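Order of writing sets the labels: A, B, C and D. Residues in every chain begin at 1.
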Amino acid sequence: MIRFECDYLEGAHPLILKRMEETNFEQTAGYGEDAFCASAKEKIRKLCGGIDVEVHFLVGGTQTNFTVISAALRPHQGVLAAVTGHINVHETGAVEAVGHKVLALPSEDGKIRASQVRMAYEAHWNDKDHEHMVQPGMVYISHPTENGTLYGKEELQALHEVCQELSLPLFLDGARMGYGLMSEAGTLTLKDIAKFTDVFYIGGTKVGALFGEAVVIANPLLRKDFRYFIKQNGGMLAKGRLLGIQFDTLFTDGLYFEIAKQADALAMRLKDAFVKKGYRLRYDSYTNQQFPILPNDHMEKLKEKYSFAFWEEVDASHSAVRFCTSWATKEAAVDELIRDIEAL
Amino acid sequence: MIRFECDYLEGAHPLILKRMEETNFEQTAGYGEDAFCASAKEKIRKLCGGIDVEVHFLVGGTQTNFTVISAALRPHQGVLAAVTGHINVHETGAVEAVGHKVLALPSEDGKIRASQVRMAYEAHWNDKDHEHMVQPGMVYISHPTENGTLYGKEELQALHEVCQELSLPLFLDGARMGYGLMSEAGTLTLKDIAKFTDVFYIGGTKVGALFGEAVVIANPLLRKDFRYFIKQNGGMLAKGRLLGIQFDTLFTDGLYFEIAKQADALAMRLKDAFVKKGYRLRYDSYTNQQFPILPNDHMEKLKEKYSFAFWEEVDASHSAVRFCTSWATKEAAVDELIRDIEAL
Amino acid sequence: MIRFECDYLEGAHPLILKRMEETNFEQTAGYGEDAFCASAKEKIRKLCGGIDVEVHFLVGGTQTNFTVISAALRPHQGVLAAVTGHINVHETGAVEAVGHKVLALPSEDGKIRASQVRMAYEAHWNDKDHEHMVQPGMVYISHPTENGTLYGKEELQALHEVCQELSLPLFLDGARMGYGLMSEAGTLTLKDIAKFTDVFYIGGTKVGALFGEAVVIANPLLRKDFRYFIKQNGGMLAKGRLLGIQFDTLFTDGLYFEIAKQADALAMRLKDAFVKKGYRLRYDSYTNQQFPILPNDHMEKLKEKYSFAFWEEVDASHSAVRFCTSWATKEAAVDELIRDIEAL
Amino acid sequence: MIRFECDYLEGAHPLILKRMEETNFEQTAGYGEDAFCASAKEKIRKLCGGIDVEVHFLVGGTQTNFTVISAALRPHQGVLAAVTGHINVHETGAVEAVGHKVLALPSEDGKIRASQVRMAYEAHWNDKDHEHMVQPGMVYISHPTENGTLYGKEELQALHEVCQELSLPLFLDGARMGYGLMSEAGTLTLKDIAKFTDVFYIGGTKVGALFGEAVVIANPLLRKDFRYFIKQNGGMLAKGRLLGIQFDTLFTDGLYFEIAKQADALAMRLKDAFVKKGYRLRYDSYTNQQFPILPNDHMEKLKEKYSFAFWEEVDASHSAVRFCTSWATKEAAVDELIRDIEAL
């Protein structure tokens, strides 16, 4: 079985394992207060353009999402997000478990627009009974989205501006950040993202690390006491150095960007093969996730040799599925899959 | 600086890193549904005496504590624990954050007794206004305790019996389990613990792993939907295999027990040195944590070369401190420290 | 100004005030453990057909909703409800604040169907990643709905059957119960509702009482420790007798039913007037809430003399609005309004 | 049976019922936005010295406590309170249910001192691992306390000053406020309390009202969006006018103060009788709650005719009990009780 169902099928980039081995017996303080973390944070700060940001490391994406949201909102507030957003569908209600409603906005492509944020905000405040409703208190977006789509620079800037105007912190979930930054269709840099959001994170789990998400907080209000939140929510690793070592390695000599770029390139080869074969695409993704709509018999045939994720039924004879590449995807595996598609 | 302040100063046992490297490019399903986890779970089940238990892997201790407690209690219930219990003092109110009061019982040595549980239970139910008070719904103990002390077999059995009688699940926090099991003063085996508790966990973070806690659930009621709880609380690692690989390695050829035994032996050498020097001990520990009471000038002198944890002021000229050994502690470091103590 | 904007514009039915005055200096135990409550509960039990139910009194609707839901669900579960349900839109996220997601189902008329419940349940369990999603754990409906519509006996029975089959407790919010029971279009009796739901409540606030909701629990699992939940959630009135006195009065000589019937009759007179005038209706309600779609100039004209609730913009020149009658509505006020409508 | 077990045995002061009857058919807006509430708020503001405060009405004490605390704290913060404080023992963990730990301070008499607050604060911040502990975020006191004791003006001022210095909002639970203000031993006025606290409430339930607590917020930060919190926590009465009418009546012509004064006077007569009889007092209360220590045989004898609350066992033959007077206590009942005590 050759697996393409997600981007967390393997361990970590070998350079990370190597660095972990080299440093294994160095003694360091716990809880992220070590030199590896300090170095990784400094590198991330520089990549963000040297602006004044605070960097923290957490273990996983769901944890990062509910920790950030918990730190940002008061109890009567909710978070605006695409109805397809990870926090709305795939985190077992973790945001609700910390007390907040996800205020879902309709979305066809996984993105939300500045105008939607404004409308939702105004609908709330224009209602004379607004105290009976959850107050919008934050905006959550993901980049790339769960559908592999990307925000353009103007789109993010527009969201930034409306959020600033309405005093809504803008939170960007970058679980797959690398694949967005390096996409041939991408127009956003890390500096742009640092500039246009109040808080975001750079995903490690899906881009070369064993695990780990680097949270970057620009908004001073969200920084206050953030380490308490990490601890309370179970994200403060005793051996915090492990996160420092991983991110330090990923941001040495551009490793993070290089491996993401390669995964994107392989994904685009797959996309070309799907299109050439005549398949429609459920979402037009230029990142490491690809969503072809397969005739069901082709899907069954491919399943014999490959694993990939079922996405949704499109009609009686077609299904949307998801293939992912990652930093670990082998070129040969992609070649083989393409040959098999062509031969269907 | 030679560090003794905690038992998470280094990375992982080299055999773990080796195994992670060997398996790095194997593709596996995510979220703990892989063969490494299955193998590790099977080994743990066997060590528990082959009884019917369910095993899950989580990332850290605080996370494990609030996840288990959240799964076990209804909203109006609280958890009985020693006032010194980790959940009561060092988890930033994580248990309260999931909605439950920690019902603190007095404790001099970190342990609670069966009679205390019974008294607290009866005090609750005998009060005619019991509905105005938090209902005891679970009992939390740690073994070894935060003070390095150990439950004897009779003590745990007595707690088990009272808990069974009163329908209170008994939860044992085994963050430092190995050091307790292998202590020269220990009378409890893993089988005993599996038999006498409803749920417990075997700590990996402090005993050879990079991170990870293995939760063992005997009580069927607590098993129901437990994976939802892991996910909701941020403990479901995408690359769950990392937990499987680590625990599988630790429970191959008795590695977990061997390294814990060695750490305990080094700790006992330290203890002897403290006692020989005439220091009193804050707690009489036979595990990897040692709590000597140092004259403040000795404490200051030792600080120049060693790091260790300040515990509490005992009087104007004495302080209780904590020295820890671990699976990673070097014999030479202990030798050197002992020589320096003798020379004070 | 003559007010029709809601059904809580006045105090209480005079018989309630009279009874409160008569009993004012009787000394009783607090927290609902008095003879008035006992008597009221007994009357409600009889009206429910003498089946084995437990009755509790709470202060208000939002409080009752989150208290019942909090008692019924485990943390990873959510409650299925119409997207228009009160808990989803008008309770400031109280359900989320106690940790649960409202799993909103589409609805045009405020009702949900048995087939929707089944589909949502199956969609959850058929997803192989169901542990990453909120588990449906309860079904919430309101009768009458927020739109004045009613469940028919077959509809409620179908919901009951699917809920029984899927082990989902069925919870019916009866904040306006009386107006539903006495509607000319109603086919459900209190006995039916007691038989077909696991828990429901009979609204007092909007049907003659100063305040108060009577929760009727048939399902034994939901009864367990329910008084703790009332207390924890702030619903346990020190002078609980006030709730007992009110419900005892409402259920003496059929007062509750009589006053609701009269309000419905007045509402139907309004409805006739709207229809006769040629207005469309936003919802086809046979209860005390009426939702005509007014030309905006008519709306403005009526506003000069009457208060009523703006519901939503229908098109550039029309608005849906809500007029309510209640137990306290004066016949003369309705006459006057009808004359003014005719004269528009 | 003549009842003295608590101060909520009867309905409401007759003037309140009269006013409710007079206004019963006036139509008003819901949710506290009516003229009765406006008038009551204005009267309370004046009694607070005309300073800039915001006033809200809630239904009960537990609800008020968790609503205020929920509005004031961030998730990682807890509330400092006497170990005997109502929030710590008699609210079914409502504060924990909204996510916060009660940080209990030792207390013999129900009060806490400024020095205790400072010590707890400093202990937290001086600990290098403070992020692993709940951060003190608020101070809760009650006046009179649950033990009938009173803060002196200097004591409250000292608490105010330390709280200001440490940026901890000071919250005073005045469920029995009237009995404190009118006590012969009282040195605090309503103006003092408004000046020295950030938020407090004036209890209605126990001092003449059917129910209701008037929250007075001086600190602007705590006011923000407070009505959302009332709604989310179930405290926003649809017929909010009922709270306005009650407090407006209580604060017309000094009714609140007059009835509290009379209750205190009756309580002091009881106290004298206990002392004259040779009973010790568990707490030295000058308010409406009295805590004599009775020989058990006397206790049993009195039980035949009177109800009162068991407080705690003092020794094998003595019990502390509580007798309460209230605005509704009849002079004749006190006379009779005193005669019966003398005759024991």
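The criterion applied here is as follows: a residue touches a chain if its C-beta (ideal position, glycine included) is under 8 Å from a C-beta of that chain, and two chains touch if they have at least 3 such contacts.
Chain identities (UniProt): A, B, C, D = Low specificity L-threonine aldolase.
Quantities reported herein were computed from a predicted structural model and do not represent experimental measurements.
Counting C-beta pairs in contact, the pair that comes out ahead of the other among B-C and A-B is A-B. Among the remaining chains, C is positioned farthest from subunit B, on the basis of C-alpha centroids. Subunit B and subunit C have CA centres that are 50 Å apart.
With centres defined as mean CA coordinates, subunit B is found 33 Å away from subunit A. In subunit D, the positions touching at least two other chains are 75-76, 91-93, 97-99, 131-132, 228, 231-232, 236.
Chain contacts here are complete: no pair of chains fails to touch. Those residues of subunit D that touch subunit C in the complex are listed here as 1-3, 6, 8-12, 14, 17, 20-21, 23-28, 30, 59-63, 66-67, 91-94, 97-98, 205-206, 210-211, 228, 231-239, 241-242, 328.
Subunit A contributes residues 31, 70-71, 74-76, 98-99, 131-132, 135, 225, 227-232, 236 to its touches with subunit D in the complex.
The touching residues of subunit B, when paired with subunit D in their complex, are 75-76, 78, 89-93, 96-97, 99-102, 129, 131-134.
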